[in-house]
């Protein structure tokens, strides 16, 4: 088997897309690792849907205790305040999302379709009303840009970039960019464009592991890592 | 001509309806005079639609200057803060009104109908789009109780309590109580009930000056002033 | 009479909550903002058939474990009412992770509990519509998803929206940092979360706070939830949970 | 790059506002919250065909007289743009008192200016719908009045509502007390008024403030308008108007 990028490297690659001054939401899992890869000369304001804007790194247990657990993110992890941070309530936070004020959300994915549909909130095996939708649908439907970072295939090898999502949908036609452990793929009105491959991978090998068809960019290049 | 109550006395009478602990809006003109007639043993929280709750008396020019014009009411009059006052924005203020959180609004009136319709925002002589609706429609339509205080007739002698309003409407079926310079009239599902007359006035004389028909309360009494 | 909304005990504060009441409860992320003692009083009282309107359909034991709190298994939040079978309907943003031994899942699949799983934005916008006296709002989230079911869809200016109806409740239990005796509230950090919106959306709001001050003890500009939205205030004993 | 939203002059701050722009402007009650110097810059620039979204359709000279300000006739607020014939459409809560020598009335009756006179609650809820990304909201105010005209009416749960559409703008000019260089704003007293809602509803918000501080100079819990809603900040010279 060819070598694939690890989670930290995927996070590094997608973090490079975040522009100076953006207000950015990071989902749980790999997206949250992006905080490790923001260079010092970039200011990114991180948004948490429970009412924080411009917060700092995760606090450890002692730090959190000293702060009286004053600031936690949407995953309930304590975080450190940084100068210029703002606190508000859930209503304001979802106005920010729904109103299209968030520049970018980086989300994990279970499936992305050729049209940029995203499925990421529940596995399809369960048929009941349960699951945990949370803010995923809001973020995917309303942020200015939606970047998905995920492994290219399921553990079984089944492609996650598909013609049509078969898992319960999070939002239709919302995804702008997909970063996986073997490729960077942009979603445009014409479909999916393969822009980068991981070191050691060629376009045909990426297409092999992708159900939806990929157009290869004339500027296809190897990811710089 | 029989003696009618002056504005201060009308305000005194309607102020007596305000209950301890109520959140109350006062309109411009006679309603605003109610602040002079709240006994010390009653706590009334006055609400201003520009974002104040629980404010104190009007400030004079010197007091306002010392406060840097920090607190003004919806009529743009500077007011004094009192302990426990809260400040917020217009959006919150109109949520309070529309959400039915205000216990009572005391408004002036141009006409009130037998069904409790209120017209108080513009004279009908002007036919254009102009006028100053402001918050009148919101307050009349959404506060828990609407008390109207006004002279019983226009200067010309024309009744202001009418079968149907002929002036542009503020809100339908909203009025609970009318206090005038000659009577106190309650609006119920059955229509208008004359509950009190000003000293020296009898029911028939009040009806004479009222276009809508009044039912006389079995407990009709003379206003205590 | 000087207005004083402060109540002396948690049991008194929740005395009016009876069987069949609908209750919003703040709390989801972290220990701040959870009205623990009000919830414990409600469990003691043993009222049933409650409609619970909360962020999640579960007790956040795993979060408590993450924090490293001693006795994480005893973590108190709105989930204790579900665990204690006092709830007949749950309206929430996040229901449960299927198969992860969820008490709500068992009750729901056994037909014991009715479930409305809304997603977060619709959950919040419906409470806001209730708080602000609206008849309904068209919002853009959930198009093409299971959230469309049974909802009116409408195209406005070329974009699709779903009609969401207002959500109110008989009571809100909210946790806050400080209150004055008029019921004005301020919150600490991300403990603010659902407090402001639930206090507005419920007919009777009961606030559990760490500190009570006299009127004037909170700067007018600093007040987040004006007292008009708060009917009762009760002070928490210091540091029950850590 | 460290983010710094502070602009050094009023003319630079409004440089992107051109003919035909729609502009929300805060201010109506009292001297606080009026972005006077931004308005003066806009008058200097002389842009035309503006859509003005403001509380009133007039300059508050009478209020200024009431305050006893010297030179009340020179009172500066959004009304100066109407007086200077830079506005082709006014959307407001209060238009004018008919017959009281209103400049807007003359312009409106001469067909020079288009007028939408909304009433206060509908004015605010429409901005809120715009700010919050809604397609429309059903609100209960104006039933049986002139506000019904051309609006969809709908009975929900036995009560009548009118459908209001979102209102946004290209720019908002707001007055605030303090900003940090990230654009976080706090307001003084009732100077808060329209600032928070207009800053949210406009695509580009320009704030005129009395003081600029470094990030960290405002307590996180005290921030009323988070910087995400504010694109430019400019400091007012001390005490122009008193």
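Letters A, B, C and D name the chains as they come in the text, with residue numbers starting at 1 for each one.
Here is the rule we go by: contacts are C-beta pairs under 8 Å (C-beta built on N, C-alpha and C of every residue); 3 or more make two chains touch, one makes a residue touch a chain.
Please read these numbers as outputs of a predicted model, since none were measured by experiment.
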Sorted by label, the chains bordering both subunit A and subunit B are C, D
By C-beta contact count, B-C versus B-D, the higher one is B-D
Averaging C-alpha coordinates per chain, one finds the centres of subunit A and subunit C separated by a number of Å equal to 29
Distance in whole angstrom between the CA centres of subunit A and subunit D is 36
Touching at least 2 other chains, the residues of subunit B are 71, 87-88, 94, 97-98, 142
Expected list for subunit C, residues touching two or more other chains, is 125, 132-134, 139-140, 187-189, 192, 220-221
Full set of chain pairs in contact is A-C, A-D, B-C, B-D, C-D
Counting only contacts in the complex, subunit B reaches subunit C at residues 20-21, 23, 41-43, 45, 47, 53-54, 71, 81-88, 92, 94-102, 142
Per the touch rule, the subunit A residues reaching subunit C in their complex are 48-52, 61, 64, 67-78, 87-91, 94, 97-98, 117, 122-123, 125-126, 128-138, 141-142, 168-172
In the complex, the residues of subunit D that touch subunit A are 1-3, 130-134, 180-182, 184, 200, 214-218, 220-221, 223, 226-229
Interface with subunit D, subunit C side, in the complex: residues 125, 129, 132-140, 154, 156-157, 159, 161, 165, 186-189, 192, 220-222
Note: in the complex, subunit D contacts subunit B through residues 28-32, 56-57, 60, 63, 66-68, 93-99, 102, 104-105, 108-109, 115, 117-121, 124-125, 127-128, 139-147, 187-197, 224, 242
